[in-house]
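Order of writing sets the chain letters: A, B, C and D. Residues in each chain are counted from 1.
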Amino acid sequence: MHSAQFTLTVSCADQPGLIAAITGCIADGNGNILNLAQHTATDIGMFFCRIAFASREGFTEEGFSASFAKIAERFQMEWGLFADAKKKRVAVLVSKTSHCLYEILLKHADGELDCEIPVIVSNHPDLAHIATSFHIPFFQVDPAKGKDAYERDLEEILERYGTELIVLARYMQVMSPAFCRRWDGKIINIHHGFLPAFKGAKPYHQAWQKGVKIIGATGHFATEDLDQGPIIFQDVIRVSDTRSVEEFIRMGKDVERRVLVEAVRRYLAHSIFMYSGRTFVIE
Amino acid sequence: MHSAQFTLTVSCADQPGLIAAITGCIADGNGNILNLAQHTATDIGMFFCRIAFASREGFTEEGFSASFAKIAERFQMEWGLFADAKKKRVAVLVSKTSHCLYEILLKHADGELDCEIPVIVSNHPDLAHIATSFHIPFFQVDPAKGKDAYERDLEEILERYGTELIVLARYMQVMSPAFCRRWDGKIINIHHGFLPAFKGAKPYHQAWQKGVKIIGATGHFATEDLDQGPIIFQDVIRVSDTRSVEEFIRMGKDVERRVLVEAVRRYLAHSIFMYSGRTFVIE
Amino acid sequence: MHSAQFTLTVSCADQPGLIAAITGCIADGNGNILNLAQHTATDIGMFFCRIAFASREGFTEEGFSASFAKIAERFQMEWGLFADAKKKRVAVLVSKTSHCLYEILLKHADGELDCEIPVIVSNHPDLAHIATSFHIPFFQVDPAKGKDAYERDLEEILERYGTELIVLARYMQVMSPAFCRRWDGKIINIHHGFLPAFKGAKPYHQAWQKGVKIIGATGHFATEDLDQGPIIFQDVIRVSDTRSVEEFIRMGKDVERRVLVEAVRRYLAHSIFMYSGRTFVIE
Amino acid sequence: MHSAQFTLTVSCADQPGLIAAITGCIADGNGNILNLAQHTATDIGMFFCRIAFASREGFTEEGFSASFAKIAERFQMEWGLFADAKKKRVAVLVSKTSHCLYEILLKHADGELDCEIPVIVSNHPDLAHIATSFHIPFFQVDPAKGKDAYERDLEEILERYGTELIVLARYMQVMSPAFCRRWDGKIINIHHGFLPAFKGAKPYHQAWQKGVKIIGATGHFATEDLDQGPIIFQDVIRVSDTRSVEEFIRMGKDVERRVLVEAVRRYLAHSIFMYSGRTFVIE
């Protein structure tokens, strides 16, 4: 048996002995820790931990899981065990704007996004040629049929391709609350404003009118409340007052695409913990 | 007659020939342009211009002003002429927190804030020793007497020291609408949040609860609407989710003091233009 | 006659009356100034100015040039007049790495690089498919023939496509001194280190071994002295000591592509002035 | 017995079971881990770990050290155990420039530098009043006597005040190789250039002449090789080509003071590991 790599995530109320118990279980189960990142959020008394480890001879996923389940029960942990070899299947949803889609496909092609991208779906035909040039199936779903029919078609495609994560790459279509709930914590969206400022439409116009000196973008989980979901990653750039709204939009594109990829990267690395309506990204 | 330096600011609706008319008038009046910064905000059709120039033999402030007034009338300009030798008199208002006060006094002592600081006023006695160590008169005004009496006392001190600009250096006292109107465009405040997000009290707590990944501070003109006044300068820092609210507060201090000083610096350099409820800072 | 836009660049020793003379000549010649950026480098007594203006009825390029030539002679100016409608022809040279080439092509396709890209040349066949997907002729020149023959072939291609600027988009081939001199000030290169630190090969490895906490990239004019040419644009990112050399390389790619595009953008906007062996970028 | 806090640092060649062994020993010794930061530098096969823990009833420093020594021997670890209650004694050396000294004293007064500052020493009298206003003994040592006598006097003062770390806060005097060796790894210096670029004198002048677009400062351990010691922290700011050398110097001050304090903070937190001539700062 050759070595495989795994990621273990743990969150629970803070209490003595957590790390020794967790790392002891890994050692006893023939795992070799490669990286351990841990944080105790003292403001809320919570412990978050993410461990990358390699298996040694004698390790089995089932055996380890059974052993760890006992520890998890004792400390009332939420936990997950992920085999790195099993890539997440990510569907990308787009509309007419290409910069975020290109960024995801180029980073993926360069081996920098550790997932599969089996399908691209859009409410417009405009970006089909990009999907084609990267040899990924493209589907255009027509929203004119009404939201119910539209989302049924969409769900059918997502299911057919075994989708585990949905990435909205400047996808300009509001999802129904039911859809958001079904995919809770599994839709990553990019908002082209520095949330919580500038929710809603035309955030760059809002920013220009307000005269802010720094603009940004926010990668977040999509929820029923538009532009209110838990924030995963943000970035900003300084803007001069000599810039027009059009220049904000142009300059913002580079921030948007970077933020979206970084948010997805953190998701794929199992670095995102949710608690109390916000994320804790532990790297 | 030796050379003196002046700053000329001009704003008006955009139209052909503005710069040639302005710079021609300076040349004809025996001024020598050192620096010209200009911006036409095409989104709103406005022209903003800031010119630093040195006088040559034959220049008089009165003569130039009379000549320029004719140009200003022709193009319907708002304009100002400022002799660099005449330093603005700046009163600093503080409460209990020292980092912004120290920053202003140290930058001033180092010759980096081109103004006079004739007086420091506070609603608390805590920072008196700092004023003393910089040899600046300190006055404690008691808000317990009621806002009217308090603001009368404050105004009396401001007037006595010839105050032209008020800087609120983490001053924790809300001013009356009447006071804000009297000093409209002449009160610079620092808000410890990245406005327009996180208005009001405890912005770092709000930011932590929301799980934002970048925090900031905002230097702005104080107006009747709390934390809503025109923004002059902003800066931010990236924060990790492993940081507590207390660490946000500690890390934020460095941003606050920098932002406040940069906002004041821009005011003193006559770089701030107001239009349509926002600033245009032309550097 | 409808309006056309022009950019005028001027540099000379600093002296009184420059801006009035320049802007007066534009006004007299029926030009309408849209934007004026000017800087006097007092450390070296030099004046740099860049003016964007629109023509009004009565303006002719020849007439204006004749008038301006007199002013230029009087003040001993170096100057240039560029019609915005006449796009620069930019050849992109690449090797095996795609991220900088993609960035240039995507920004160009989005209308963010105001030039023509008539040809892509490489010393390797690897990136031909990218050129094809953007419908741009691709030529592979073989360095195995020896540098002289290689550069003759290259020059022939560059000439055939009317090349005015060469962009080295991670092109891994050292040019001969003669080639560099022929194209002096017309070759923009990206170096994947924060120059002047980390010249030469494997800058990320050098940076990692030195333990620097911030890495960067530099867009510069290529000269005979490798990695020593005048710097046009730089950017950096903070790196943690937990990052490997491979992660430096991955993270650096985003900096490199941004820096290269920003350097080219400044060239196309006629914002770069050269003096005393360095650039002055006036925006 | 009430709880006390400790920091344990460990470095050694990477090998299986390290974290489980370390954390198990802490648990067995009645320690409760508060924070664990760990990094395996795969490029060089080294493991670095920093653990903050609190003692529970039954913990003794001697008992734990004895137990841990056995583990350390087994894995050939370098390690250190530090009681947080025992503050490091830091001497600050200055010359004529005040901004770094002020920064250290203000941060210390605000509780943000967890150390004692028993003494300030200078080769000039200029900053004595600042030391006085913070109630810290100030000594002026005269370099005119010759380097040997000078360093003897200096050492005598450092010893008298129980100095454990020396901070050079823009101290303009080169130390002898012998002095540097005696205090190896215990002198933190601030260099006002982005090392390894711009070593030596007048780094801002060098940067201006080279035309770099970003300037910075570097906090590093002082060694015999001037400006070559291991880098602890760096920061940068973007500069426009419209800035003079004097403005570089002014703008650089803010970077210098921040970098110096952040470097000292990392030292006091026991976050700095040395290996192969560079630092690994593990936070």
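Note that contacts are C-beta pairs under 8 Å (C-beta built on N, C-alpha and C of every residue); 3 or more make two chains touch, one makes a residue touch a chain.
Since we're looking at a predicted model, the values are computed, not measured.
**Q** Could you run down the chains that neighbour subunit A and subunit C together?
**A** B, D
**Q** As a test of understanding: of all chains, whose mean C-alpha position lies farthest from that of subunit C?
**A** D
**Q** Is the number of contacting C-beta pairs greater for A-B or for A-D?
**A** Looking at A-B and A-D side by side, A-B shows more C-beta contacts.
**Q** Could you state the distance in Å from the CA-based centre of subunit A to that of subunit D?
**A** Comparing mean C-alpha positions, subunit D is 37 Å from subunit A.
**Q** Using Cα averages as centroids, what's the distance between subunit A and subunit B in whole Å?
**A** Each chain's C-alpha centroid was found; their separation is 41 Å.
**Q** For subunit C, write out the residues touching at least two other chains, lowest number first.
**A** Residues 39 of subunit C each touch two or more of the other chains.
**Q** Quick check: in the complex, which residue numbers of subunit A touch subunit D?
**A** 16-21, 23-24, 26-27, 32-40, 56
**Q** In their complex, what parts of subunit D are in touch with subunit C?
**A** 39, 41-43, 194-198, 208-214, 216, 230-231, 233-236, 240-242, 244-245, 276-283
**Q** Mind listing the subunit D positions that touch subunit B in their complex?
**A** So the residues of subunit D in touch with subunit B come to 98-99, 102, 106, 110, 112, 133, 250, 253-254, 258.
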